[in-house]
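Notes follow once the structure below has been shown.
Note that the chains are named A, B, C and D in the order they appear, and that numbering of residues resets to 1 at the start of each chain.
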Amino acid sequence: MTVPLPRRLLAEFLGTGLLVAVVVGSGTAAQRLSPDDVGLQLLENSTATVLGLAVLILLFGPVSGAHFNPVVTLADWALGRRAGTGLRGQDVLPYLAAQTAGAVGGSLLANAMFDLPVLQTSDEDRTTSGHLLAEVVATAVLVLLVFALARTGRAAIAAPAVGAYVGAAYWFTSSTSFANPAVTVGRVFTDTFAGIAPASAAAFTAAQLVGGVVGAGVLLALHPTAGAAA
Amino acid sequence: MTVPLPRRLLAEFLGTGLLVAVVVGSGTAAQRLSPDDVGLQLLENSTATVLGLAVLILLFGPVSGAHFNPVVTLADWALGRRAGTGLRGQDVLPYLAAQTAGAVGGSLLANAMFDLPVLQTSDEDRTTSGHLLAEVVATAVLVLLVFALARTGRAAIAAPAVGAYVGAAYWFTSSTSFANPAVTVGRVFTDTFAGIAPASAAAFTAAQLVGGVVGAGVLLALHPTAGAAA
Amino acid sequence: MTVPLPRRLLAEFLGTGLLVAVVVGSGTAAQRLSPDDVGLQLLENSTATVLGLAVLILLFGPVSGAHFNPVVTLADWALGRRAGTGLRGQDVLPYLAAQTAGAVGGSLLANAMFDLPVLQTSDEDRTTSGHLLAEVVATAVLVLLVFALARTGRAAIAAPAVGAYVGAAYWFTSSTSFANPAVTVGRVFTDTFAGIAPASAAAFTAAQLVGGVVGAGVLLALHPTAGAAA
Amino acid sequence: MTVPLPRRLLAEFLGTGLLVAVVVGSGTAAQRLSPDDVGLQLLENSTATVLGLAVLILLFGPVSGAHFNPVVTLADWALGRRAGTGLRGQDVLPYLAAQTAGAVGGSLLANAMFDLPVLQTSDEDRTTSGHLLAEVVATAVLVLLVFALARTGRAAIAAPAVGAYVGAAYWFTSSTSFANPAVTVGRVFTDTFAGIAPASAAAFTAAQLVGGVVGAGVLLALHPTAGAAA
C-alpha cells in the first residue's frame, strides 16, 4: 500500500463511524416509526445496513482497504504475513484504535441526529448460547468471504458481496450478526434498538475472535495458496 | 476442473449447509419477530435468501461450481456429457451426498443458533396439485437460467442472477419454490416456518426432477449448441 | 440478428408468459399472506417483479432481445428503420402475437399454481385520468430508458436497469405502472390483486401507445444519432 | 463535455423532475396504501427511491453528468476548477435553474398522477437541531461519495452507489436525508408524505450547503490529487 498511514486511519475512523451511525441510526428510526412489529424494524434496519455498508466499502476501500473490523484487520495481517501481502504488523494496533474510536463516535453521532442524549449506554443483555454460536458462525463466514474473494482475484466485488452477506446474516443468525468487535463496542453507547450491554459485548467479542480463527481455517482448507493480495 | 474432489465436496457441503441455515434461520427469525403477518415473514425470509444465496455462489463457485442442488448437478453431468464440459459421472454421487449431508447439517445449525432442540422434524403438509405444478415450473426455470447463462458465456453473473431468481420464485410460485431436492430434505429437519413433512418432501422432489427435465428440454430448444462450459 | 425467428418467438412467448406469471402469482401470494395492508402487498408484488423481470431479460435477451412488450417492439422497429439496426418489419406482428399469447398463458399458469380456476377474468376498473397520465409517463420513461441504454452502448445492463425502473414505477405512478399492452391483456385473465377489467385494459393500452411516442420523442431530442444497435 | 448545453439542461430538468416525481409519488402511494405504519411507508418510499434514482443516473448521466442537485453542481465546478475537469463556471447557473424548475415540475406531475390538486404547498415543519445536523451529514457523505468515485476512476458505478447511499440515508439520518436543495424546493409543492414547509426548506438548504463544504474538505484530505475527471 502506498497511501500514507494517517490517511488510511482517517478512512478506517470515518468508515467504521459511519457504519455504526447507519446501524444505530436506522435502528432508532425503525423503532420509532414501526413500533408494532419488531420484524419490520429489523427489516428496515438490515435493508439500510446492506446499502450503507456496500457504499462505505466502495468509498473507503481504495484508501484503507475498508476493514472497519478488528477481526478482518487481524486476519489480513495473519494470513498475509508469509506472502508479504497483508497489513504490516506495526499498522495493526493503529487500525484497531481508529476503528474502535470511529465506532464509538458513530453511536454518538446517531444519538445526536435523533435528538437523544449524546452520551448513553445500553443495558440490553444479548448473551445466550445460541447467540454466541451465531456470532462464531457469522464472523467465520465473513472472514471466509472477504479473503476468498481476495484469493480468487475478486476483491473488486467485495462491496456488494459483504453488504449482501451482512443483510442475510442479520436474519439467519439469532444474534442479528454483530460479527465485528469495534461495531460491538460502539453499539454499547446507545440505548436504542441496536444497543448491547457491556457484559454481552465482551462475550460477543470473544465469540467473534473464535469465528475469525474458524473462518481462516476453512479458508486455508479451500484456498491453500495465497494467490493475489487482499 | 482442476480443484481436487475432496475440496469441491467440502465446498458443496458447506455451501448447501449454509444455504439451508439461511433459509431455516431467517424463517425462524421472521416467524418470531413478525408473528402477525405471514406475508411479512415471507418477505423477510425471501430477502435474506436472495442475499445469502448470491453470496454463497460467489464464495464457493470457484471451488465446486456452487451447485448446492442435485438437479443442477445431474443436469450439469447430462448436458455436458457429449461436449465433455460437465461434471464427470463418477463425481455425481459424491456431489449429491455432500449436498444432502450439508442440507441436513444446515437445519441442525439453525436450530442450535435459535436455541431450539437440535434434532426435530416438520409435519407441515405442503402437497397440493398447485404446489407440485409450482415446483415443476420453479425448477425448470432454475435449470434453464443456470445453463443458459453458461451457454452464453455469462456464468460470471450466476450469483446475483440465481439469487434474484429465487427471490422472485418464493413469491410467484404457490409453493414458495423449494426447487432443490437436497434443500427439501434438509428442511424436513426443522419444525419451523421453513419446514416440510417427509411425505411432502418426497412429492416435491419428484416434481423437481420433472422440472429439471423440462428445463433441460427448453434449454436445448433455445440454445441447441453447447457453447462454453458451465 | 442471426437467431432463427421461431426460436426468438419461443423466447418472447416464454419471457412474457413468465413475466405475467411473476406479476400475477406474486400478487396472489401477497394478497393471501398479507391481507391487512395493501401497501405491503404491493411491496411484495413489486419486489418479486424487480427480481423476476431482471432475470427474464438476462435469460431471454441473447435469443430475442427480451422485448416482452409490444411498445418496445414497435419502437425498436421504428427507431431502427433508417440505420437498419432494429427489428425487421416482417417480424413485428409475430413478436406481438407471441407476447400476447404468452401473457395470457402466464395468467393461466399463475391461476393454476395457486389452485384457482384457470379461466377467469377481472372486473377491476382502473380507469381514472390520473392513472392514464401515469401510464403515459411510465411507458415514456421505459422506452426512453431501453433505447438510451442501447444508443450509449450499455444494452448489457438493461436487465437490472429495467427491473429497477419497473420497481420504482410500481410506486411512483398511481397506476402501479402496467406500461405494457401485452402484460395488460394478460392481466385481464385473473381475478386477483393484479387483475384489470377489459375496458380499463383498452384505455391503458391507448395511454401506453401515447407514452411510447413521447418516449421516442425525448430519446431523439437527447440522442439524435442512432449510435450502436439496440 | 461535448454535449451542447441545451441538451444537458433538458437532461437535468427531466432527471431532477423524475427524481422528485419518484420521491413524492411513491410517498403518496405509500401513505395511501399503508396507513397504519409510518415505518412501512418510509420503507416503500425509500425502496422506490433507491431503484428510481439509480435508473435516472444511468439514463441521464451520459448527457449531463446526472447531477440533479445544486450542491453536486457547485462542488463539481469548485473541485474541478484548477484541473479544468469540472463544469464551466458559465454553466453553473443554468444547471441550477434547470434542476429547480424540474424539481417543482416533478411535484406537480406526481400530484396530477395521484388525482390531487396540482398546485399545493406543504406546511410540514421539519426543523429540529437533529434534523439540521442530519442534513449536514447526509450531504457531506453524498458529495464525498460522488467525487471519491470520480477521483478513483469509478464514476461508472455512481448510479447504483448513489442510489444505495440515498436508501441508507433515508433511514440513518433523522431527517430522511433530503441532501439536495433543488429536491427540497420541489418537495415544498406537495402536501403529502414527502412535503416540507417553506421555512424548513430554507433551513435544510443552508445545512446542505454546509454539508457540501464539509464533504469537499474530507475529499481533499483523502484524495488530495484530482485524478480523473468527474
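Here is the rule we use: a contact is a pair of C-beta atoms (placed from the backbone, for glycine too) under 8 Å apart; a residue touches a chain by one contact, two chains touch by 3 or more.
Being a predicted model, the structure only gives us computed values, none of them experimental.
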(message) Using the contact definition given at the top, which chains are in touch with both chain B and chain C?
(response) none
(request) Could you work out which chain's C-alpha centre is the most distant one from the centre of chain B? (result) D
(request) Pick same or different for copies chain A and chain D, depending on whether their interface residues overlap by over half. (result) different
(request) Indicate the whole-number Å distance between the mean C-alpha point of chain B and the mean C-alpha point of chain D. (result) 40
(request) Quick one: report the Å distance separating chain A from chain B, using the average Cα coordinate of each chain. (result) 28
(request) Would you give the residues of chain A that are in contact with at least 2 other chains, written as numbers and ranges? (result) 37, 40, 43, 47
(request) Indicate which of the five shapes (line, ring, star, complete, other) describes how the chains touch one another. (result) ring
(message) How do the chains pair up in terms of touching? List each pair.
(response) A-B, A-D, B-C, C-D
(request) Spell out the part of chain D that touches chain A in their complex, as residue ranges. (result) 37-40, 42-43, 46-47, 50, 128-131, 133-134, 137, 141, 144-145, 148-149, 152, 154, 157, 161, 164-165, 167-175, 218, 221-223
(message) Residue numbers of chain B touching chain A in their complex, please.
(response) 7, 10-11, 14, 18, 21-26, 28-30, 32-34, 36-37, 40-41, 43-45, 47-49, 51-52, 54-55, 58-60, 62-63, 109-110, 112-115
